[in-house]
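Structure first, commentary second.
Lettered A, B, C, D, E, F, G and H in written order, each chain numbered from 1.
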Amino acid sequence: MTSTQTQVTSVDADLSPLVAVVMGSDSDLQTLTPAIEVLEKFKVTFEVRVLSAHRTPLEMIQFAQEAESKNLKVIIAGAGGAAHLPGMIASLTTLPVIGVPVQSKALSGIDSMHSILQMPGGIPVATVAIGGGLNAGLLAAQILATSDSELRAQISHYRQKLRNQVIEKDHLLIKLGAKNYLRHIQKGGQS
Amino acid sequence: MTSTQTQVTSVDADLSPLVAVVMGSDSDLQTLTPAIEVLEKFKVTFEVRVLSAHRTPLEMIQFAQEAESKNLKVIIAGAGGAAHLPGMIASLTTLPVIGVPVQSKALSGIDSMHSILQMPGGIPVATVAIGGGLNAGLLAAQILATSDSELRAQISHYRQKLRNQVIEKDHLLIKLGAKNYLRHIQKGGQS
Amino acid sequence: MTSTQTQVTSVDADLSPLVAVVMGSDSDLQTLTPAIEVLEKFKVTFEVRVLSAHRTPLEMIQFAQEAESKNLKVIIAGAGGAAHLPGMIASLTTLPVIGVPVQSKALSGIDSMHSILQMPGGIPVATVAIGGGLNAGLLAAQILATSDSELRAQISHYRQKLRNQVIEKDHLLIKLGAKNYLRHIQKGGQS
Amino acid sequence: MTSTQTQVTSVDADLSPLVAVVMGSDSDLQTLTPAIEVLEKFKVTFEVRVLSAHRTPLEMIQFAQEAESKNLKVIIAGAGGAAHLPGMIASLTTLPVIGVPVQSKALSGIDSMHSILQMPGGIPVATVAIGGGLNAGLLAAQILATSDSELRAQISHYRQKLRNQVIEKDHLLIKLGAKNYLRHIQKGGQS
Amino acid sequence: MTSTQTQVTSVDADLSPLVAVVMGSDSDLQTLTPAIEVLEKFKVTFEVRVLSAHRTPLEMIQFAQEAESKNLKVIIAGAGGAAHLPGMIASLTTLPVIGVPVQSKALSGIDSMHSILQMPGGIPVATVAIGGGLNAGLLAAQILATSDSELRAQISHYRQKLRNQVIEKDHLLIKLGAKNYLRHIQKGGQS
Amino acid sequence: MTSTQTQVTSVDADLSPLVAVVMGSDSDLQTLTPAIEVLEKFKVTFEVRVLSAHRTPLEMIQFAQEAESKNLKVIIAGAGGAAHLPGMIASLTTLPVIGVPVQSKALSGIDSMHSILQMPGGIPVATVAIGGGLNAGLLAAQILATSDSELRAQISHYRQKLRNQVIEKDHLLIKLGAKNYLRHIQKGGQS
Amino acid sequence: MTSTQTQVTSVDADLSPLVAVVMGSDSDLQTLTPAIEVLEKFKVTFEVRVLSAHRTPLEMIQFAQEAESKNLKVIIAGAGGAAHLPGMIASLTTLPVIGVPVQSKALSGIDSMHSILQMPGGIPVATVAIGGGLNAGLLAAQILATSDSELRAQISHYRQKLRNQVIEKDHLLIKLGAKNYLRHIQKGGQS
Amino acid sequence: MTSTQTQVTSVDADLSPLVAVVMGSDSDLQTLTPAIEVLEKFKVTFEVRVLSAHRTPLEMIQFAQEAESKNLKVIIAGAGGAAHLPGMIASLTTLPVIGVPVQSKALSGIDSMHSILQMPGGIPVATVAIGGGLNAGLLAAQILATSDSELRAQISHYRQKLRNQVIEKDHLLIKLGAKNYLRHIQKGGQS
């Protein structure tokens, strides 16, 4: 089976996806790519969809209503501007929905942030930072890891690597001094 | 009696409603009451509904999908916070949808304004001011008046009355002088 | 040839315009071009004007006062910064006025949005998103369609095309996988 | 008695007004009262008007167009929300127009501030702080004082009094100590 | 009795807590009470703690580091102003952390929202609305329900009740009409 | 040659300057250049200074204190960021001070706008739009014109030219149609 | 008695003040009282002054210029709105200046925060939170403690007390449970 | 060689550092470089570290806890986004902590500013402008100068140089006139 087939939404794949990564427009894909990559790194199965709350509302509704029966466990939804996608999916499923405000043109994602975050009592959306695709993927993994100790170990390992990268930079900065280090990273070095 | 007839709240019940006034929560009713009152004043038939995009998404969807076939012409939708109701209804009908951002607790309606106004290309919502229930009702009437010259005359008459009220205040202010006028309106006078 | 005919920019010049697209400065034309194009697509007659609330107030006033008698049905007005044009036209006609906040230099259109949206009770402006020229055109068409079933059918058809475009992108994304799809759209593909 | 004389609210009625204090709604009068009081204190003649850019646009236009020929020298205009009054008057006269953003309900006057301040090149409005009625009156006086040395002397005297009030408070604070002074002003003392 | 048992506040004290509800100050307790109540309703075990990122940093660190080994599954953290608590706990555990921005005095929770939401890549916080204690509790339950079908059924039931409440209000509004309904809810009725 | 004469930058050097154009940093000069140009166009004498409220406070104080005795009539002061220059000069003179908020790097001039506009009661600054150098120059001229009918005639003439430019664009747009006009201005045409 | 002695408000009057607490208006005194109280608690000598950047600029300048020679070590300056006081004092002394943005009426202190914080390169103001009088006093003490180990010990002791208060609340919350604790603090208990 | 010695970056390595310049990510180094350069200019010893509140929390904690015993006197901490670093260090030491909000991608540093500035009562952070690295360095020096008269003299000298630069620009502007000066600085001249 090819990796492309793995990503297919099929109900019959022998590893059905645990996470769906959906976006309101394919222009949001770049923001969500780090979520996809971190799920791949953790070997968490996922599907990726373009579903517009406003242009394909019925497809979005069907997706959200079927999500649980397809054995999805977590949904990541990214959108910009009015950004209704995460909240509307959340209204149609009891799966945890992670919302990613996409940076918008005029308002830099403040509109997206408000639309995704300020959900009414009863229907939460787990919102991450504006443009926070990576953290959406990590949060999905952390949620799955509440019942998957192997995945938790992978996340701990990932954290350890983040930590080590900062420690290495700290050591290099001490070694080179600030001016040389600045030159180093401006040349495309280890930052 | 059919369910459609039940929903009619207009003063002239044998006509089906032309305008629907919907709100995400009954706590929004106070904001929308001026819309209802101005429609009554103009004898525009209407129905009033509580439909939550997040708590009753399926009812909202059904309402929006049936709106055109029920001969509704304009939909006024008020909501606060994430405020997805106006935009989601707009995504499910081609009727003009007027959105009223309801003043919210923490963000004073800035969140509602962003969620309602910043719709993506393809699906407009005609947004009025935060808390602008009256203007939503007037805008609905102005839209209907594009093909109803009698209604247009009523709106012109209404405008004339607004104008006269300001002119009367202006004359009274000139007559009393600023200090006396201020005392006059602070006692609950003609302001 | 009468001056009215001169102003007609529609593809079907023997009909007087139903929609006026006015702007405070010709630097707003790019923002309003999608409104013009969608009206053309729907064969809605229109005229296009540069009328500054601040530099040509008398011309603006004359335009607004004559709009109804010229058989205009809807006015689209775009402006940036203090952006008084939509509200001032609205104060001088009972036709529905659609306001388009143009993205401004220092404040990204937040100033335009406030000036256009926050109209006082009595004088509504149907505001669309910052930079929302396309939606202004669509909203004008939706308003006209409240009494024009053929136009409504065209709008439904347009919506269906929007929907199909998203569905095609969704299918292509499923087929190619996220990484290949991202490469595809970065090369200028079907996004 | 001519209508112009009727409008004169100044303490010295045989002089035509030099300053007009206009407001979009009589609910703005409280904000503008300090402007009126300071003009009275300086014996600057003035008139006070309610003129709504949106509800009485034609009256506003007439006022602005006649302002110069009536020998007005400065116009103070206060408005809230969309707050088009100062800018529209400015577009119709070359007299200096001082704009006072009135604190609005939902947006605390941020909308008023943007609408009044962010005027396009060519048509300035001299904007003062949100709710800054007193400063509008003082600025009008300072403008008139550019050609009236007696008025300038009055303004200098007023400034000196402001200065002395602060110096007295400073001395009292030093004398009483901070705790006693705080009790003093909380009892309605000299603050 | 061990200290862990002491901290258990759940209705079923022989089970160790699955959720911790922590707050930066006991003045945040009112905001978090709806989270506590909904966890009780779902019989999800929990503990409640006051842990200040700034006043008791070492206690906060110890709590976060021990959270996983104590078999906690989800942490809800509420804080206002600089609001570092959710993000700092998230940096010290791989458990999912839900952040609740508490409405602050000067900035209405915009500061809290920014501090909690805008986490750097690598360390997500699942942020809910300003003052969104209820949704924090529900989100915690939805996360636990990804591996607990009985809990998921309870959440579905809860959603159904929310839905029914709105439907009942909608029916009552249709029955009473808008004016009577408004009077009804203003008298403390079913809203 | 006296130092005062040295400072005169006007085209007519034997007249002492009526207007001072001061800025907190020479990086603000570009923003203030349109003010300078419009004063030159109107043959209003002026001087231009760099005076930093924070780096040269004593020079700024001396300038402000001597302004009146040097026969200056109006001061234009531009500054960015904390932008204390306009307000501090205003505190040290009774001449009208026009403040120009310069667009700042991080906050786009919102900080400058707040610092210049939000002056306390007693000390007004006549604030113009962010980056509004041109309007500062025009407002200075309008203030001087309150006692100079020839200058007022020039300003009226300037306004007429602005009006004619818009009218010409309007006519050209009608003649060319929107698409051709857009091409025309994108090629650097008459916009 | 010299004027310097008069100004000393410290508990130990034979020492000259190390800290000055100045404010732009005596309405700011309530915000600064916690600074005064914490300096008293730490037996740091101080003086308290009302000095308005705009109403008493010359007094403010004199104060700032003499500060160093009077052996002041740190200046705390609180102001609201345009809030130029901290920055202007900072421009006239090399002593560290701590700025306290006072919550303003219309803009909640956002204007004060911008004016105090956004100082240009060369002239820092150490800004604390909006309304942060207590932290201004503590920061002054921490600065003095860089060369006063006894004062540092007092600050450490103060921190320890803050820590203990939170720990006691945490323990009481665990003991009482969340509901009882909430009742406890709502009755005016230990919060 | 001990690790403490390794960390010393000062020009005079046999002295332990008085100031630490820490940053949450090496991408903040460019913002902090002016702080480093001004400390070097004043021959204040310092060390530079990369310490992430979120990626290396334990290293950050250790650093903050040891800071005082290592004889550090002042800590400069720069961070962007959620920007918890300055506040968390401040919670773990009684040394004065200077916070530098780094300009962030989506929110331009408004998020950083809120997170750093809005600290709760008890734990101050001396915040400087967004991107204000230079002022952080100067403020650190001013704090050290409260007990180091030689350093104070250097700071006074630095201020004098700033003043002279502005005075020279002012003189050159007077000499060249505004247009020539603008050309001069646009060619990379003395600005």
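In the analysis below, contacts are C-beta pairs under 8 Å (C-beta built on N, C-alpha and C of every residue); 3 or more make two chains touch, one makes a residue touch a chain.
Because the structure is predicted, anything quoted here is derived from the model rather than measured.
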Any chance you could name the chains that touch chain F and chain G both?
D, H
Interface copy of F-G among C-F, E-H or B-D, judged by whether over half of the contact pairs recur:
E-H
Chain centres from averaged Cα atoms put chain E and chain F apart, in whole Å, by 53
I'd like the Å distance between the centres of chain A and chain F, where a centre is the mean of that chain's Cα atoms.
49
What whole-number Å value describes the gap between the mean CA coordinates of chain A and chain C?
35
Using Cα averages as centroids, what's the distance between chain B and chain C in whole Å?
22
Among chain F residues, those touching two or more other chains are 25, 52, 55, 81-82, 107-108, 110, 117-120, 122-123, 129-130, 159, 162
Can you name every chain pair that touches?
A-B, A-C, A-E, A-H, B-C, B-D, B-E, C-D, C-F, D-F, D-G, E-G, E-H, F-G, F-H, G-H
Given the complex, residues on chain F that touch chain C span 103, 108-110, 129-131, 159, 162-163, 165-167, 169-170, 173-175, 177-179, 181-182, 185, 191
Which of the residues in chain G come into contact with chain F in the complex?
24-25, 52-55, 57, 61, 81-84, 87-88, 90-92, 104, 107, 110-111, 114-120, 122-123
Quick one: in the complex, what on chain C touches chain F?
6-7, 9, 21, 25-27, 29-30, 32-33, 36, 47-52, 55-56, 59, 81-82, 105-108
For chain D, which residues count as touching chain F in their complex?
34, 68, 73-74, 94-96, 98, 113, 117-130, 132, 134-136, 138-139, 142-147, 152, 155-156, 159, 162
